[in-house]
Amino acid sequence: MTSTTQKRQKPSAGTLILRTIALVYLFVLLAVPIGLILYRTFANGIGPFIDSITTPAAISAFNLSLLLVAIAVPLNVVFGVITSLALVRGRFPGRKLLQAVVDLPFAVSPIVVGVALILLWGRDGWFGGLETLGIKVIYGIPGMALATIFVTLPFVVREVEPVLREIGNDQEQAAATLGANPWQTFWRITLPSIRWGLTYGIVLTVARALGEFGAVIMVSSGFPGVSQTLTLLVHARYIDDHNTYGAYAAATLLMGLAMLTLLLMTLLDRKRSHS
Amino acid sequence: MGVATLWLSIIVLLPLAALAVTSMENGVAGFIDAVTQPAALATLRITVTVSAIVALINVVMGTIVAWVLVRDDFPGKRFVNATIDLPFALPTIVASIVLLALYGPNSPIGIHLNATPAGLVVALTFVTLPFVVRAVQPVLMEVDREVEQAAHSLGAGPWTTFRRVVLPALTPAMISGAGLAFARAIGEYGSVVLIGGNIPHETQVASQYIQQQIEIDRPVNAAAVSVVLLLISFLSLFVLRLWAGRTQRHEEQDA
Amino acid sequence: MIDVTDARKYYGDFTALDDVSLSIPAGSLTALLGPSGSGKSTLLRSIAGLETLDAGRVVISGDDVTDVPPQKRGIGFVFQHYAAFKHMTVRDNVAFGLTIRKRPKNEINRKVDELLEIVGLGGLQKRYPAQLSGGQRQRMALARALAVDPQVLLLDEPFGALDAKVRADLRQWLRRLHDEVHVTTVLVTHDQEEALDVADQIAVLNKGRIEQIGAPEDLYERPVNDFVMSFLGSVAKIGPHLVRPHDLRLERALERWSPEERAEMEPSKATVGRVVRLGFEVRVDLLDEAGERLSAEITRRDDERLALKAGDVVYVRPVRALPPEEAFPALAM
């Protein structure tokens, strides 16, 4: 990311001091705590870790997290791309407002997201009628899905919109003059042009969906094996079960997923800047 | 456009509308009553104070880290650069448990920060680390080295050059990074839920208070404090955006 | 051929096309020339269907295509910034239109090979647009537009983003290509030299209207107004008159003109500023008595005879007065 092509000179005292401050800060803030968790998780070998993340409750938590990802990602991709197109290509009053609404979820506390969803979809909420029809949104999977979609909504738009803006619509117009209909233009020109931005947005969405805690805990009934995601599992093991090791193990699993995300992001970033 | 608007309305706007309406269920007086209860006021005060401290730490440390990542060169820099995003990638509950392992009851170094304001500060600094770094970094890369060399040639020392030449260019990015960090800290929940202790009047942050109000079935109180939290967050982002925008305009006029 | 009738286009308060009618003969190469904001690009894009007219009709080869989307108009369009499909190789770019039309593979291959050869990109077909120079990208874009055998080829400032040398080469090449392929071509440009160089017919646009349309020589020799005159070729201003700089005669003494000539129009006095000798042509910058600057172009021979240098006082007069029927008020001398 930063240029390393400049030749290395002998650093001055000021540079060394700043370098030390920055590295010690990052070491204390990031490396030490994370190292400690890894140490505590694997102090007795990998066996206990495997055992701890393959209990029935852990497996069902993993599956539920994946299910939420599987719901949130396609919806956010489809509507995110449509929204981006509307923001970049559309000429309609209130476009600025739409833009602001897209960014809104970043400014809203996860807990507030949960509260707002409860007040809309909960038993006493505006759409509480659904519950009497037997559709349980809050304290059920739909509520958790809504919470996940809410907090991950901006990612795809944020990544795709600038790419669309940058490529302009020259290529699309060129495709039209060459005989491509709008649908063909979208599949052959627009989608390939935004593919890396979209992929980046999806990676961010997946990471956030797997990691979301505050919004989801508000709308989940939290029953182990039923409505516990991986993050809720970490919390429940630590608070309710006093199973500190189990919490560490589940946290390490999530951390592994986060590292994977980070790796993908770094790779994609390079790809994106090359295309 | 229609599809996009409908989608955003169902997912984002309607829930927030329900929140706003509920907060006013007992009228303006009820709203004011809800947010001026001692526990509510205390939690807002704690949240804002801690978030402001966190934003300040981020401005100083984040800028130093960004500086080192752009201007310095040492083995492993790319790796260090990649770890900056870790707090964004890491689920907040994991951040909480990670910090608790180091500073909690089982601390191997004997530092116990759980259930103290310092614990809140550490947790929030952890999750907001990338904001200022990632805001300042690209601007610093763009800063014209020749301008600095010109300052040197005119007899300015490194510190004077930084203060008079580089810092003004970085200020808008520092401000907006700090604003994002502040807004994030205001509403943060997952990273403080384990280490914060949730002690009313001491370490209970607004998100914990709101969650508690829902649990004891006081939705109006929860909604009212939520609205205040949202307003603080919007206001801080808005003010900082204005400020950053003005600083930037001065720059452009000077240039 | 292309017929545009009574075309109007507004962007809010701005009038881009103000009742424009234009006829482009089959097989010709027509340039739409004008300053930016004159409506030339809007006119071209309306022919392509990339803009919708607020009023008026567009007819291509006898078919009214006013309400037909661009993909069904049978056109080829070349954009100023190439609009290369960045994620496709040169070959795939050129093949795009044929692939869309689901032509048989071997036909596509044959056609693409042929076109890549014509535009001189035969060896570069596996490259991506990012690996090409600006000129190569534009030739690829041209091949891509030609691949679908368009009835008309539309070029929007095709060489505008290229440097001067490449631009001159490419337009020569475009002219030769046009002489081979003979497709009806419309080219938008703001560069008068480019228009004079390649076009059979030039339409000069200004403020959403066509000022004059005709062969390059006609427009240069017989401009209908000041705008066309000063937009096509350089001009010098003598009093209220616009004259071509090479139509000015300089003398050191009034007596060099005949009494009849002096009766027709009295030469005026001017001071020599700078004398620039560029090969056969010599440009003399002058300052007339009213304090106006003008430039005259004289031949090397006249320059040798007059031996002008800065500060000299000379007399200047148009070589000839235009016949009255071809003159309009501003040009009457």
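Going in written order, the chains are labelled A, B and C, and every chain counts its residues from 1.
Going forward, contacts are C-beta pairs under 8 Å (C-beta built on N, C-alpha and C of every residue); 3 or more make two chains touch, one makes a residue touch a chain.
Since we're looking at a predicted model, the values are computed, not measured.
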Remotest chain, chain A as reference, centres from CA atoms: C
Most centrally placed chain - per-chain CA mean versus overall CA mean: A
Chain A-chain C separation of Cα centroids, rounded to whole Å: 54
Intercentroid distance (Cα basis), chain B paired with chain A, Å: 18
Separation of mean Cα positions, chain C and chain B [Å, integer]: 57
In the complex with chain C, residue positions of chain A that touch it: 167, 170-171, 173-181, 184, 188-189, 192-193, 195, 275
For the chain A and chain B complex, residues of the former touching the latter: 1-4, 6, 8, 11-12, 14-15, 18-19, 21-23, 25-26, 29-34, 36-37, 40, 79, 82-83, 86-87, 90, 92, 98, 101-102, 104-105, 107-121, 124-126, 146, 149-150, 153, 207, 210-214, 218, 230-231, 234-235, 238-239, 244, 247-248, 251, 254-255, 258-259, 261-262, 265-266
Parts of chain B lying in touch with chain A, wherever the complex brings them together: 1, 3-5, 7-8, 11-19, 22, 61, 64-65, 67-74, 77-78, 80-87, 89-94, 97-102, 106, 108, 122, 125-126, 129, 137, 141, 158, 183, 186-190, 193-194, 206-208, 210-211, 214, 219, 222-223, 226, 229-230, 233-234, 237
Contact set on chain C toward chain A in their complex: 48-50, 69-73, 75-77, 79, 81-88, 96-97, 100-101, 141, 144-145, 147-148, 154
